[in-house]
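In the two assemblies presented below, chain A is common to both, partnered first by chain B and then by chain C.
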Partner chain A sequence: MPASTRRAAVIGGNRIPFARANGAYSRASNLDMLTATLDGLVARFGLSGERLGEVVAGAVLKHSRDFNLTREAVLGSRLDPATAAYDVQQACGTGLQAAIAVANKIALGQIESGVAGGVDTASDAPIALHDDLRRVLVRLNAAKSPVDRLKLVGQLRPGQIVPEIPQNSEPRTGLSMGEHAARTALEWGIGRAEQDELTAASHQHLAAAYDRGFFDDLVTPYLKLTKDNNLRADSSVEKLGKLKPVFGKGPDATMTAGNSTPLTDGSALVLLGSDEWAAEHRLPVLAHVVDSETAAVDYVHGPDGLLTAPVYAVPRMLARNGLTLQDFDLYEIHEAFASTVLATQKAWEDAAFAKERLGLDAPLGPIDITKLNVAGSSLAAGHPFAATGGRIVATLAKLLRERATEENKDQRGLISICAAGGQGVVAILEAKA
Partner chain B sequence: MTASVDRKVTELDGPPSLGPLYARAAAGAALPGGGGRDLPAREIVRRGVSVEQEHLADYALACGFGIGGALPLTYPHVLAFPLQVVLMADRSFPLPLPGLVHLANRITAHRAVTPDETLDLRVHADRFVAHPKGAQVDLVAEARVGEELVWEGRSTYLARGAEAPADNPPGTDIAEPSTPTGTGAATWKVAGDTGRRYAAASGDVNPIHLHPLTAKAMGFPRAIAHGMWTAARAVAALQGRIPDAATYDVVFRKPLLLPSTVELVTERSGPDWSLAVRSARKPDKVHLTGRVTPA
Partner chain C sequence: MSNDLLSNLSNTPVAKQLGLPTVPRLRRFEPGQALLSGPVLVTSVGDGRFAKPISALVEENGQRVVTAERSESRTSIDTAGEEKLNAAVLDLTGATTLADLAAAREILTPAVKKLGPSGRVLLLGAEPGEASGAEAAAVAQSLDGFVRSIGKELRFGATANLLIVSGDAAPSAVDSSVRFFLSSRSAYVDGQNVHVGAPVGPTLDPAGMDDPHDPDLPLRGRVAVVTGAARGIGAAIADTLARDGATIVAVDIPAAGEGLAKTANRTGGTALQLDITADDAPARLISHLEQRHGGVDLVVHNAGITRDKLLANMTEDRWNSVLAVNLGAQLKINAALLESSVLNEAARIVCVSSQSGIAGNRGQTNYAASKAGVIGMVRALAPKFAERGATINAVAPGFIETEMTGHMPIGTREAGRRVNSLKQGGLPVDVAETIGWLGQAESGGVNGQVVRVCGQSMLGA
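Up next is the complex of A and B:
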């Protein structure tokens, strides 16, 4: 191991437009989308035939045949086939965790370059056999005699034909992510209006970013899509206010299909490297990965909400870096649900929560919301689970670079991503003036 | 090459339905007379062809391609193929469509074509010359985006026992690509329904590919794989290794009976690739040889 480390550079990114499930990408597989995204990245940065340090990506909804998804994408891409790859999976934290894994190896000097991100399709989702049927079939395959086989066939029942379709729910609680988020929203008293405001802002910011060409070097068209097709540029609080709640119960229900992310198909990757590697390849550096933290909470039997782990991860990371929550020029808080973003902020502002749960003398305090998700986030773009981290890292790195150049001042950004399983991944990026 | 020829243009409004065309051609072939002595000076044109996601996905799945940013190298062939059939099924065409044997194929992509581009397709027949076993003819297809030529295909067919006008000048045949003989890069178990799946995706519903019984009626022991399926499956294995602008030559050798287990053999020489599809059991039985070179 080297005596000192270095900060990995974020050089750029590439994603395909995100598509609402069962629409524009209904026939594309995870491998198709990931390979297309990788080839787009290779083309953008002139990496055809290059052997990179490694490619790390993953998918949340994954067929068992895709066990080596990322390696297969490398083999089908224009990268040197001698580029190593592996898969990771940490629910919605996958993309950011992959970027951290690559950045850390670069920091240690073990690799000079790497690609990280993820892909997900809710359209081409893996459907599993009914567990009883699967067990019979496995034993049938192993059975030696015809009599054994016949006995096993006798165990087959018509009801076993019903397949198991992946659910967006927690195995231990049986609650969907939306139902979990609705509990947290209720706990923090998150109102309908503020959720719809945040949602409308997300759409308006994303639309404005497209309009000014911000995504021209971050997005490659795919299958006739040039923009995320969940984006509603004319979204407004009035229009969102007409939607009926879909999560939570009774008069307190506030979460609608508008202020929750839809099931989405898509893929996103970022290119990371050492400063030296970037210079050798004449590629400009957008930002550097400063630090990261992953937290987990006991949402099953404990007091915490499913999507609240970032509330814990951020203060730990800030303390280690001697920073306050206000020391950031931009914030990217993943919009799993509008209520999640709002509840996260309320928790950071709450003195009792800081003391009792975070073990802090004072709350982290509020953030300037004019610095929050300024180019839109998941409510507008959609949220193909494992792809979201790559989208956010590339977006934030480019935003920081723009501001550092404009203001001739170092810029610092915070990323916070909540994930199923009660986990949260957060990171700090910095762009030098 | 034949720019001086003045061809009568037939414009199609939509994709022609190939089943009735094959039936008409089969009926026509059984009748006496019909068929000109030489090639008709005709061109079949279809403008504004856009790629349908379902069609592209079915084709990609049948042939082993991914659904990427660019169309598979061989995909425009299945868009142009129905236009070939329109030309060949017509009474003015000098060779009978049923029983034509695909000898060789050359495809050149001049750049990556993306699924959102609208293509103008043109097909004409060319180079109708004598072959040791009869007569051969080339069906030439091109795809343009606006004025830009993006893709070309040349399919060479043999009509056994047919005669070409003696005074037609011979063209240059596709030089037989060398046959790589190394270890197989991949083993494919080619399923019995491969012909039906490719027929559904390509529109090439020639009965020799569909079912053992229909193939037997045409003189084959079992259904045989479409040559262009084998060609597509082979070049799909080179995804990521070949440039967007490339020429892909194939020569079809022994028919690939379905089902079969075959091996793909590849060999790289600088920027060029040669490949072969051969029987897994009898390696000297070669179904296809091919070559990919940067265009």
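Up next is the complex of A and C:
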């Protein structure tokens, strides 16, 4: 092992425009999208025929045939087929966790370069056989004699035909993610207006970023789609205010289809490397990965909300790095729901919560919301689960680089991503002036 | 292959029985192909300085040099038996009298009879403006009419072109041009004249360059930007320059990124999604080139759009968008290149103009104005780029078989592709090969020129 570690550089990224489910990408598979994204990255950085250290990616909704999804994407891409690859899966944290995995190997000097990210399709979702039917079919396959087979055929029932369609719900609570988020929103008293404001800002920021060409070197069109098609540039609090709540019940329900992310198809990747590797390839260093933390909460039996693990992860990471929550120039808090972003902030501002739950003497305090999700986030772009981390890492790294160059000052950014299963992945990026 | 049915049928028995006109199949370049496919007549009339080096070039490339035997009564060309000539090269830079001109005729009359398929007639003449005396100037100028008429008479895919060489141009200055016009790379360039002067910039040291005469990789080590590279002619340019050894920076609008990535990966280059009409586009392009490549050797301004409408129905939007992409962006990028330090030694700029810009085209006032404007820009900027040791030239494609021409009404399309000496449309690769020649470091003697790639189209000639 090396005596010292180094910080992995974020060199750039590529994603395809995100598409609302059952729309532009309804006929594209995870493998199709991931391969296209990888090829777009290869084209942007001139990596055709190059052997990279490794490619790490994953998908949340995955067909069983895609067990080696990322490796298959590498083999279908322009990269040297001798580039190793593996899959990871941590729900919505997949993309960021993959980036951390690659960054850590680079930090240790085990690899010089790597690609990380993820892909998801809610359109081409895997539909599984009814468990009873599957058991019969497995035994039928193993049966040795015709008589055994005939007996098994006799066990087939019409009711077994009904397939199992993947649900956007937690196996242990049976509640959808939206219902969980609605509970948290209620607990923290998150109002409708502030959610709609955050949503409108997300759309407006994303639209402005497109208009100024910010995504010219972050996005490659796919299947004739050139922009995220969930984006509503003319979104406003007034328009969002007209939508009916879809999560939660009664007069307290605040969460609508507007201030919640839609089911989305898409794919995103980031290119990471050592500074030396970047220099050898004459590639830019946008930012460095400083640190990361993953937390989990007991949302099943404990008092915590499903999507609140980042609330715990961030203070642990800050303490380790001797930083306060205000020591950041930009914040990227994944907008699973507008209410999630707002509840996360309220928890950090709450003195009692800090003391009782985080074990801190003082709360982390507020963040300057003019520094939050300044190029839009998931409410506008959409949220293909495993792809979101790659989108955020590349976006933040480029934003930090722009600001570091403009202000001739080091810039630090915080990423916070909540995930199903009560987990949360957070990270710090830094761009040198 | 193209959707040119007549051309596809041309060499079949059916076509002969139907009495259809034959469309010659042009010899085109493939890697590894020899420069020449048969013996070459090389001779001069008067005091020429090029016959000797060109003869050496022919022999270097494994072909026999044939000379014309002139006697009192006739001129004969000794090709062994029925063997066809691949090319006839006449150095007429020393021709100053009508008698000299008559001698040239005497040599070419038997030569064109012996010329094989996809043969080449290449004349080298003096600059009429440099001639001493009216007769010498007249003779030099007469070659233009002479070569154009030869082009119209030649058959079986043969072409005729003229290099107008200044007195101060050494034989090495014309070398890359002679190679281009003799080779199959110039398949669809016919009836053209190109001025060649002393090379711009510092004298290149061939030994210091990466084997400049590697016939398969004339652009080795050069970084080439191609705008509009996602598809069509731009993609063919990127492919061809990469084949010749260049590192490709493929540029197109962000919305065309999918095709652009394919071009970049196919050529082993990089994709740069950039709207060239954006205010910051020149700065972004230049900083990209500085950071990623440390400089640029070749910039091909190929990106172009059409928004056809009769002038009576032309809107501001259609006019402005065509002028902005086809001309405005080129002007801005060229100005920025001249101000920057990104141009490497022996940098080359090649702008894609169009036959429409020369001949005009109904419904294309905007397009034709922009493409004619490109020619004006190239001529104005040639001395400026020369100060930097760089050149700027234009290519003007005629009827090229592309997706765009594939969508034309059949009547217009058939007329378009037949009204030229080669009786067919060109291919995107023909435009690309011409750009490749102009893009070579060795082509520094060619500056401010407009080379038509049109099979000697009758439109605008």
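In the analysis below, the second predicted complex is superposed on the first by the 433 of 433 C-alpha atoms of A that agree within 3 Å, B and C clash if a C-alpha of one lies under 4 Å from a C-alpha of the other, contacts with A are read in each partner's own complex, and residues count from 1 in each chain.
Quick note on the criterion: a residue touches a chain if its C-beta (ideal position, glycine included) is under 8 Å from a C-beta of that chain, and two chains touch if they have at least 3 such contacts.
Here the structure is a predicted model, which is why all the values come from computation and not from measurement.
Once the complexes are laid over each other on chain A, chain B and chain C cannot both fit and instead clash. Shared-chain residue A:29: touches chain B; no touch with chain C. By the touch criterion defined above, A:44 reaches chain C but does not reach chain B. Of the two partner chains placed around the shared chain by superposition, neither chain B nor chain C is touched by A:202.
In the superposition on chain A, contact of A:75 is made with chain B only, not with chain C. Shared-chain residue A:340: touches no atom of chain B or chain C.
By the touch criterion defined above, A:220 reaches both chain B and chain C.
In the superposed model, A:229 makes contact with neither chain B nor chain C.
With both structures placed on the common chain, the touch criterion links A:274 to neither chain B nor chain C.
In the overlay built on the shared chain, the residue A:83 is in contact with neither chain B nor chain C. Taking chain A as the common frame, chain C overlaps chain B at a single listed stretch, which among 311-319, 401-409 or 437-445 is 401-409. The contact surfaces that chain B and chain C form on chain A in the two complexes overlap at residues 36, 39-40, 78, 220-224, 226.
Interface of chain B with chain A (complex): residues 53-54, 56-57, 66-69, 114-116, 239-241.
Only residues 24, 26-29, 31-32, 35-36, 39-40, 75-79, 81, 220-224, 226 of chain A touch chain B when the two sit together in their complex. In the complex of the two chains, the chain C residues touching chain A come out as 250, 254-258, 260-262, 264-265, 268-275, 278, 280, 291-294. Looking at the complex, you find that chain A touches chain C at residues 36, 39-40, 42-46, 48-49, 78, 213, 215-217, 219-224, 226, 282-284.
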